[in-house]
Every structure is written in structure tokens, then in C-alpha cells.
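So, here come the structures, one by one.
Two complexes follow with chain A in common, the first pairing it with chain B and the second with chain C.
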Partner chain A sequence: MTEKVEEGVWQDVPSPFCGIASDDLTVSVKGQKVSVLENGDAYTASGFETPVTDKAPRVNGKVVTLAVAVEHTARLINNSKQTVISGLATDLNGARAAMALADKSRATIDHMNSVESFKNTLVLQDTGWMNTTLSEVKNRVDMLLIVGSDIEAGFPRFFERIIWPEDTLFGQDIESRDVIYLGKGPSGRASTSPEGKKAEVMLCDDADLPEVLSILRALVAGRAINAVDIGGIAVTDLARLAARLKAAKYSVVTWAASMLDFDHAEVSVQMVCEMVKDLNTKTRSSGLPLGGKDGEVTVNQVAVWQSGYPMRTNFNRGYPDYDPYLSDSLRMLKDDEVDTLLWVSSFDIERKAPASKAVTVVIGRSGMSFDSEPAVFIPVGIPGIDHSGRAFRSDGVVSLPLRQLRNSGLPSTFDVLSAIEKAL
Partner chain B sequence: MLMKLTGGRVYDPAHGINGIVRDIYVDDGWIVDPPTDGKVLQEVDLRGKVVMAGAIDMHTHIGGGKVNIARTMLPEDHAADVVARTELMRSGCGHAAPSTLTAGYQICRNGLYGRL
Partner chain C sequence: MGYTAGFEPAILPSNARQAHMEMHDTPIIDKGGYVMLGSDDYLLRMMAANNDQESINNYVAWTITHSQAIGVKVVNPGGINAFKFNQRKLDLDEKNSFYGVTPREILLRLARAVKELGIPHPLHVHGCNLGVPGNMDTTLDTMDGIGGLPMHMTHIQFHSYGTEGDYKFSSGAAEIAEAINRHKNITVDVGQILFGQTVTASGDSMHQHAGHAHAHPNKWVTMDIECDAGCGVLPFKYKDQSFVNALQWMIGLETFLLVEDPWRIFLTTDHPNGAPFTSYPHLIRLLMDKTFRNEVLSRLHPEAQKASRLASIDREYSLYEIAIMTRAGAAKLVGLADRGHLGVGGAADITVYTDHADREKMFSKPDYVFKDGRMVVKDGDLIDVTWGTTHVVKPEYDKSIETSLKGYFDKYLTMKMGNFKISDDEIVDDGRGSLTIQPLHKGGPV
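== the complex of A and B ==
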């Protein structure tokens, strides 16, 4: 649990920025300035250390009080025929307030990372999967197969915290763990074991990955393959990989949807998930989709339990109506179907509203700048820094409490969205 | 048979013990005072371990992580059973795995977690 060890220094601070919610940070707070002293990484450091600048809301570029900004936003939404509430980089209570507002204002909800997260969601909705949690992987994995992803580029501490921990619950020798990349190779050395055992790499282009995965699944199922090589990988090498997956006691197949940057990657994710299910007839295997940044897991969890559906749901008819194609906010904005866009982005000042013809209201992390000034800008505090809260981790079912580390006077996303809902 | 459980970190909310490292003496299934002569027949080393009373994990399956996975898997089930927003109640949906608010309203309405 987060503890203040001396004046201005907090230990065991969880990071809402890193997706896998590393919770062992040591953070110092001097006035408004936050610095990560221990266990930071690129995402965490920038997340904690980006300074507060603007504190005053603006309407059409002019500084106003929060009450005026809220009133103005409520009026915009009341007069709007097709409101989209998106971005939604926030924590649990921010998500709850967004859902309440969407329900009352008959808006469409989406998240800034939906293009990526739907590569996983569509699979869960179609044929399901057998996935596991980070804690189980840490304690049990004997073979880690990494599909189409350079994990450490997006999750710098994944290997250190999950694959090469100091202790595991069942006393497994972590040097016996095998790490294999299929598709992309690693950009750094995080996948090398503490004693220098390097990961194995089987490279292929994204364009060939879907077929490589199909062949791998077929080999696991014992089918005869006529092809000799696929995308530069020898089928005999894939056959050896299939045999090792079948011999492993707890293989884990992992991927980051954000790195499967090709059309209909959900079909490849499904292929992997079906292969994992096949493996479970004789041994144990689990999938591990990695994500969880910018509140994407939190907001999808809240949306699912409150409405039944994940993102890309609209309340136009007074009840939740889910359509991942029609209610794709990026498509809607591109096709000029949106008159008002309410963009929530409280973690990363670089995650800005997409450019469009919609009147745009930004509820954004203080410090955000704009190419084109939005109709309304309300600077807000960051969950886990400026206010306490809760965030869900990449593996979904685990949530972590976030603490308030400084007094910036900035309102929370929950405060602002609730005020807008009241003013409607 | 007198047994000593040595050096565990004890959590016993019923007696206000919150993480104290101490010994516990057990005799024929009962927790007893330390023996006056200090003699025990069996000692169990619990240093570095946590000692708690058995607990009952009271919980429901309305808003938990696994039911949420179920909800995510059932979009067609929800679509057949939508619940519109009213002046007092939020919208929702669902039959096999209703949304939480809908489930809550149903429980209040007729004390049952199920369809009307």
C-alpha cells in the first residue's frame, strides 16, 4: 500500500500510466513538482513528472470560471443531436461520471484506444478465450511466446516484474523459462534473463503473421502441412515450436494489440486464442493480451457492468445500443456524424482530440496544448497524483487504489462530468 | 497435545490484533495460554508467515470481474432485453447477465435476482 515515508516522499506508489500497474514506485513531491525516484520507466516518469500549467478553464479561448465552462458545455450538449463522449482516459469514478452523462444526454461513448482494444474485445465476444493474470504468469510461466509484438517498447517493466522476478510462489528456477518471439523481434535486452539467456526470435512481417499463426495452430492440432516456409520462417521451425508448446506445463502466449498494426488483426488474435484452447486439452496454456494504458481497461469494465456493453455503445434511443462499426467514434467524426465531441484525456497531454468538424469540449490534463483552440477547455487533475481513485490493470479483473500525492486545486474528471450532468 | 506456533505475524480483528509478531499455543484444537513450564510437544516455525483466523468471503456475483467477462461475451443476449432510462432509473439491459443497475433495480423491486 502507498505510504508516505518522510515528508514529501511516497513509497509503493502505483502507476496508472504503465498498463501493468507497477505499484512499487518511489515518488517525491515538492510543492507542485513530482519526481519518480525509484522504479520509473519512460511512461511512468513522463506520466508523473509532466508539470501543471493551466488551472483556469477557457470558453472559446477566454478564461472563465469552472461554473461558466460547465454551463456552456451543458448548453452545447442540450442542443446537440449526436454527442460523442470519447478519449475517456480517466479512472473508475471518471468513467462512472461519463457513463451517467452519456445515459442522460443520449450520447455515444468510445475510448481513445478502441481501435486497438477491439482487436481483443471482438474475439472475446465471438469465441471467447482462456486468458490469465499477470500474477499467475509471474508464478507459473515456463514458456513465453510473444506474438507480433515488441513488448518492452510498450511495457518497459514487463520482463523485470513478471518474467524475471526475484521470487516465484512455487520456487521455479526463472532461468529455466524460455522466451520466444514470433513475428517482431525485441528492440532491447529486457527479455534476456538475469544470467544472460537470450530470447529466441523467429521473424516475419506483419503481412505474413496471420498465415504463420494459422500454420502454427494447424501444427499444434497435428495437421500435415505442404508448405515448406511461410513468410521466411521454415515450417519445420514452426513444427518444433508447436511441439514445445505441447510439452510446456504452463505456456503463455502474449501480444500487445497496439502492435498488431494490420487490418483485421482480431482474426489473428482469435487464431492465437483458439490455439491456446486446443493446447488445454492436454496441458496448460493461457493467453495474455497486454494493454491497460490511458484507462482503457477501467473504462471498458465500468461500461460493461453499467450498460452490459463495452465502448462504441450509444444511448440515442434511451437504452444502450452497441455497434462496434457504426459507433466507432473515429469513423463518425471522419464522416461528419458528430456535432459535439466531449474529449476526456487526464493522463497524457499528448493524447489530444482528433481533428474534426465537431464542436469540441476538452476535459484535459493541465498542460495540454492545442493546434486549434477547442470551444471549451477544462483542465483537470490526474488520478493517482491530484486525487485519489481506482484504476484497472491490463489483465482486467485486478484494480489498484490510487492515492492523492499533491494539492493542485484542479478538479477531477468526476467532478467536472458530474457537474455537467447536473447542469443539463 | 500442546503445540507452539512460533513467530507468525498475527491478524485477529476480533481481538484488535493487527499484524503483531507473536507465538500462539494450541492444545487439542483450542488456543490456550502459554504453559507455565514452557514445555511444548510440537513446535511449528511460522516466522515470515501470516496467521489469520479462517474467514468467510462474503461476496455477490453482480459487479465482479468474472461476471463482467460474461457480460462482454453476451452482446446478443443484452440486445434482446433492453431497459430504457426513466426519470428515476438508469438504462440497462440483459437477461443471462444483466447490467448492474438493472440487476439492482430488479432486486429492489421484487427481492429476486431474475426476470419479472
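== the complex of A and C ==
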């Protein structure tokens, strides 16, 4: 548990911002000012340190009490034909309150990262996968294949925490670990081993990656390939890579869906996952999707265990009705199918509601600025800073307890959404 | 259906927080869980280093306490770990290729820890070789090998297969039931299969992977998890015209009918692996109504009918036996001192059914359900929503174990020991939850 080691200094603080839930942070709290003293990165530092500014809710730009803002929002929902509750950057209890509100108001739910997370979800639903979790990778990986992703740009501490630990359980010399990039290369040096062994890089354009991956899977499966070159990569090089994957004892293939920025990237994710299954006929290999920022995994988990479905589910007919196309909130907003949008964003002031014609209610982190003032703005506290909570990390298995570190007086997303539900 | 408590039988320590979140969101019923050990690297390291029983007891007590559990489960002992080293099977006396530890040793160490700590629920065992023809020998060996220690063998139907006949697949139920009758330290639940579509979800990643070709429809998931355990999820369809599935159905019912003591056998479908729990009323009818049972039997795969003695078994369960098996016996087995009886100090969890000749109809819809004395169901309709408690035990342990555990978490895992622990406040959560600490039995060295 996060512990106060001296007045204003907390240790073993988990980060709800970084996706891999690093929980070795030391954080200082002086009044309202929070600073990361140890083990921060670009995401956790700005996550913890962005200052509190406005604390008062506003309706149409005018400062009001929380009760008035809640009443106003409830009226908007009561008069709405189609409400969407999206953004949903929140913690466990925020997600529970959002589900309850959606159920009662017959709204549609979605998450700000759904475009990315569905690249994985659709594969899980269609064919499944063989995956692993961070501690297994830390102790077992002998070959890390990174597909189409510059991991350290999105997950700055992944290599330090997971790939280059000082010790492993099974006596492996970590310098023997191979790191191979396929598609994009690394932007920094995090993937270089402590003694200076550099990652291997096989570059190709995103546009060519689907074909490169299908050839790699075919080679792993022992199929004959006539082509000599795919997207600038020699097929003989891909054949060598296939042979090394088959020879490895515990290879891990990782990707960040947020970096697979091309249409139907789910088909490429599926190609990778089916290749991993093929490898497991003889040896061990696992997939490791990286993501989980902005409460993405937490909210999908809650939705799945409560309703049976992930995001993009609507409750209009009085029961959960899942449709990843019809209930895609971005498509719905673009096609003017939404009259009221509730946008929840309690982690990052830069993650704002998409522009649309819908009347917009923002339940957001204090400090947000708007190009056009929303109908309602209710500043809320941050899970793990202003109130306690729980958050899942990228692998969907481990969740961490978040502790209140300061008294800002800001309500939690759970408080606000529950109050709105009551006021309907 | 009138059940007022449900237990999650396989909670991975690293995923226990999620299990409690999900149970917290389940209204009315009481809940609790068995924490899974036996393939976790910490235990296997201790065993490989030949640590004494007391250190293992401390580790088991620490894990059960901080994952807020009421029992201990072992799934394919050591096998989930062995699969990570690419072993594809692990017999009772086969060594883990890295640790040199066998499933038999793991079972003995954990069963002894549970007994010595005074945890009421016996070690909950999903044995080796699940689903493998011929596994009845392993099952009999497991029962003999536990040396009289209390042991609960779960979904025994999946572990009662012989290799006789043209299909090299036969019923071992008679031998298994005879052994259960003889070993008074053994309890079992059946894991009855029923026909139709279901999904199998298991911690046994080794055998779930081995069975992936049978996934119906063809999609499946397995996971290696946190140097702790694993899991696998496969959809599956049991078909009444399949020889193997029909015989599985018969093996389950033979076991129910040949085990004599209703206090030592429990009605389960290994939800959802054999069938969803919503099929319990149908299963009760199969046990209570011989004419109905034989009528269903007569429609199944003809060769399977010839391979089973089920048609010749006359026993029909009485209402008293059903009440023991599904309520009183179950509460006693789990260690719920205040449930499963109507005596002084008992919580008033009461279900009332109207007697009906069609037992499936009777048990599908209760007239009344009272939860802690409050009426929540009337004439089959929900009239009130309450939030049940979470049952746990808190065995004592020597706090010094945290020194080595903290070092282990810091060095090898990806979360801090302090963040692993689930506090009592997390169970209470938003106020809906509560914790009930059940009394321990007298423990001490065996």
C-alpha cells in the first residue's frame, strides 16, 4: 500500500497514468502541489503535477453550485432522445457509476480510446489469443518481437521495468535477451541493454506491415513463399526471424494498438495472435498488447463483468445492446445521432470532448480549457491523488489500489455520476 | 433458484482484487473465494529449497489473509507452472523440469498447511490429467497418497475415466465411488455435464491449451499470469450423440448415485464447464426421478448406453439428501458456521419451495427467499435487493515472512507487496460490502 514515509512524502505510489501501473513512485504533496520525486516519466509527471485550478462547476459559463450543475445535467438527460456517455477516463467506481447511469438513462457508453482498444477487442472476440502478463515477461522473455510500435514513446518505463531487470527468477542472463523491432524502429535508447546491446530493427511502412506479418506467419507455419522482398524487407530475413521465433523458449510479441495507426489494424493484430498460437504447437510464445491508459482497461472490465459486453454498448432497449459500429460514439457524433454528450475525463486535461452539435456536459479534471464552453462543466478530482480508487493496468489482470494524497475538496467522478443518476 | 451464497473456486492471488470487485457487484448472495496456489513460483521455490512446513504454512496463511479468501485451491498442481517451461503433461509423480518438484509433494504440503492452520474447507483439488482417458488411476492414487489429510476433489467426473472398450474411453465411476466411500477424509463435487452449448473457463492453462482443437466455436484464449498461475477459456458444446459426451453424462450420474454419504458429495456442474449453474433444477430431477433419468438415458448415444451401468441403478435422492447436498453439507464444507442450518445463531437465509412431482419445476422457482431474514423473493419474483457479505478466514502467520516476501515482490514481480494486499476497506468499498470472518478449526501439527 502507498505509505506516507514523512510529512508530505508518499512511497510506493501507483501511477494511474502510464498504462503499466508502475507503483514504485515517490511523490511529495505540499498543500495542493504534487511533485513526483522518484521514478516518474513524461506521463506520470504531468499526470501528478498538473495543478488544480477551477473548483467550481459552471452551467453555460456561469459559476454554480454542484447541486445546480447536477440538476441541470439530469434535466438535459431527461429531455434527451440519445445520450452518449463517453470519454470515461475514470477508475473502478467511476466506471460503476457510469454503467448505472447509462442503464437508468438508456444511454450509450463508449471510451475515448475505443478506436485503439477495439483493434484488440475484435480479435479477442473473433479468434482469441495466447497472452501473458508483465511479471511473466520480466522473468521469462528470451526474445521480444515488437510489432509496428515505438514502445518507449508511449510506455517510457517498459524496458527498464520489464525487459532489463537486475535479477530474474530462472537465472537468465538478461544480456542474452533479443529485442527485435518489426515495422517501426525505436525513438530512443530504452531498448538497448544495460551493457549496450542494441535492438535489431526491420523497418517497413505501416502500409506494408499487414503483408509483412502475413508472410512471417506463413513462414512460421512452414509455408513456401515465392516473393523475395516484402515492403523493403528481404523474405530471407523474415525466414530467419521465423526460425528464431521457433527456436526461442519464451518469445513475447508485443504491440501498442494506439501506434497501429492504419485501417483495419485488427486484422494485423489477429495475424500476430494466430502466429503466436502456431508457435505454441512446439514451443512457448505469448502476445502482450500494451495499452491501458486513461482508465481504458478498467472501464472495459467493469462493462464486461456487469453487462457481458465492452464499450460501444447501448441500453436504449432496457438491456445491454452491443454494436461496435452502430454504437461507435465518434461515428454517432459525426452523423448527428447524439443530442446529449456526457464526457468524463478525470486524468488528463488535454483529453477533451470531440467537437459536435450535441449539448455537451464535461465532467473533467480541474484545469481544462475549452475552445467553446460546454453546457455544463463539473471539475472532479483525480483517482489516486484527490480520492482513493482502483485501476487496472494494461494486461487486464492486475489492478492497483489508488490512495488519496491531498485534500482538494473536489468530488469524485463516482460522486458526480451517482448524484446525476439520483436526480434523473 | 433460491441459493443465497456463491463461491468463486479459483482466485489467483494476483487477480484477487478483480474477483472481489466482481463479487461486490453481485447482489443478494453472500460470496467468498478459494485462493489458488500450487503453480506459483514462490511456493515452488520454497519447496525446491526444502523449506520446513511451518514456513509454507506462514505463506499460505499470509496469502489467504491478504487476498481475502476462505479456502485454498490447487489446480493441476505444478502443471500450470510446468506449461510455462513447455511441459505438456505432468503426472502425479512427474517432476517440474525447473524445480524438480512433483504434484504429489505439492498436494501433501498444501493439504497439510490447510489442516495445520485450521482452515475449515479442506484443500480444494483440481487434480492432474483432467479429461485424459485413463486418469482414474491418477485420481485413485491421489486419494490414497494424501495420507488421510482432508481433501476436497472437485469436478471428479472429469477425473474418472478409464481406457476400456472400442473407443478406449470408459467409466471409472464405480471404482472412484467405492474409494470415496472408503476414504472418510475425502469430499467431492461432481462437475456434471449437461448437453448443449457452454464455455469452459479454467486455471488449467496446460489442459485448456491441449484441448483447443475441441473449441466450439473455434476461438479460445489462454494466459500465463504473473508467475502465479494461468487460465484458459474455450467455448464447448456437449452433444448427446457423441459417445464421449454421453458417457461423461453417465459417469457424473453414476458417481452421484454410487457415493453413499450425501455430506461428502456436492451438486455441481463445475459452472460453466460442465453446464451453467442454471441447470441445477434439471440435474436435481435426474437424481430424484429414476423414470425420467432412464428416459433421457435411452435417447443418448447407443454405444455409450451399453458402456454404462446407470440404467441398473435404482437409487433416487430424497428431499433430505438434496437439502444436505445443496445447503447443509455445502455450508459445513466451506466452513460457514452461521449458514446452512436453522439452529440458534444461524443467519436466516431460508428458501421455501412448494412440493411438486416434477422436481425440475419445483426447484426452478421458489415461493419465498429470505436473505438474513429479509424477504427478497416472493412467488418467484424479486421484490427486494440486498447486498450479501464476503466470508473469509484469517489464519495467523508469523509477520517475519514479509521480509522475504517484500524482497521477492521488489525483485521479481511488477507490483509492490503493499499494493498486492487487499484491505478490509476495499471489501466494504462503497458501503454495500461487508466482511464476515468465519471461525477456524483447531489446527496444530499433524
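Assume the second predicted complex is superposed on the first by the 424 of 424 C-alpha atoms of A that agree within 3 Å, B and C clash if a C-alpha of one lies under 4 Å from a C-alpha of the other, contacts with A are read in each partner's own complex, and residues count from 1 in each chain.
Keep in mind that, in the parts below, a residue touches a chain if its C-beta (ideal position, glycine included) is under 8 Å from a C-beta of that chain, and two chains touch if they have at least 3 such contacts.
Please read these numbers as outputs of a predicted model, since none were measured by experiment.
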item	value
Three-chain arrangement built on chain A, chain B and chain C clash or fit	clash
Partner chain(s) touched by A:23 [first = chain B, second = chain C, both, neither]	second
Chain B versus chain C as contact partner of A:307, first or second or both or neither	first
Contacts of A:390 with chain B and chain C, given as first, second, both or neither	second
Chain A residues touched by each partner, larger count belonging to chain B or chain C	C
A:128 touches, of chain B and chain C: first, second, both or neither?	both
Partner chain(s) touched by A:232 [first = chain B, second = chain C, both, neither]	neither
Contacts of A:2 with chain B and chain C, given as first, second, both or neither	second
Touching partner for A:61 - first (chain B), second (chain C), both, neither	neither
Touching partner for A:194 - first (chain B), second (chain C), both, neither	neither
Which superposed partner A:12 touches (first chain B, second chain C, both, neither)	second
Footprint overlap on chain A, comparing chain B with chain C	124-125, 128, 301, 305-306, 397-398
Contact set on chain A toward chain C in their complex	1-3, 12, 14, 20-21, 23-24, 92-93, 96, 124-136, 138-140, 161-162, 165-170, 249-250, 277, 280, 283-284, 286, 301-302, 305-306, 390, 392, 397-401, 414
Residue ranges of chain B touching chain A (in the complex, touch as defined)	63-69, 71-75, 78-79, 82-85, 90-94, 97-101
Residues of chain A that touch chain B when the two form their complex	100, 103-104, 121, 124-125, 128, 301, 304-310, 315, 317-322, 396-398
Complex contacts: residues of chain C adjacent to chain A	12, 14-15, 17-18, 21-22, 25, 41, 45, 83-86, 98, 209, 212, 218-228, 233, 411-416, 418-419, 421-423, 426, 429-430
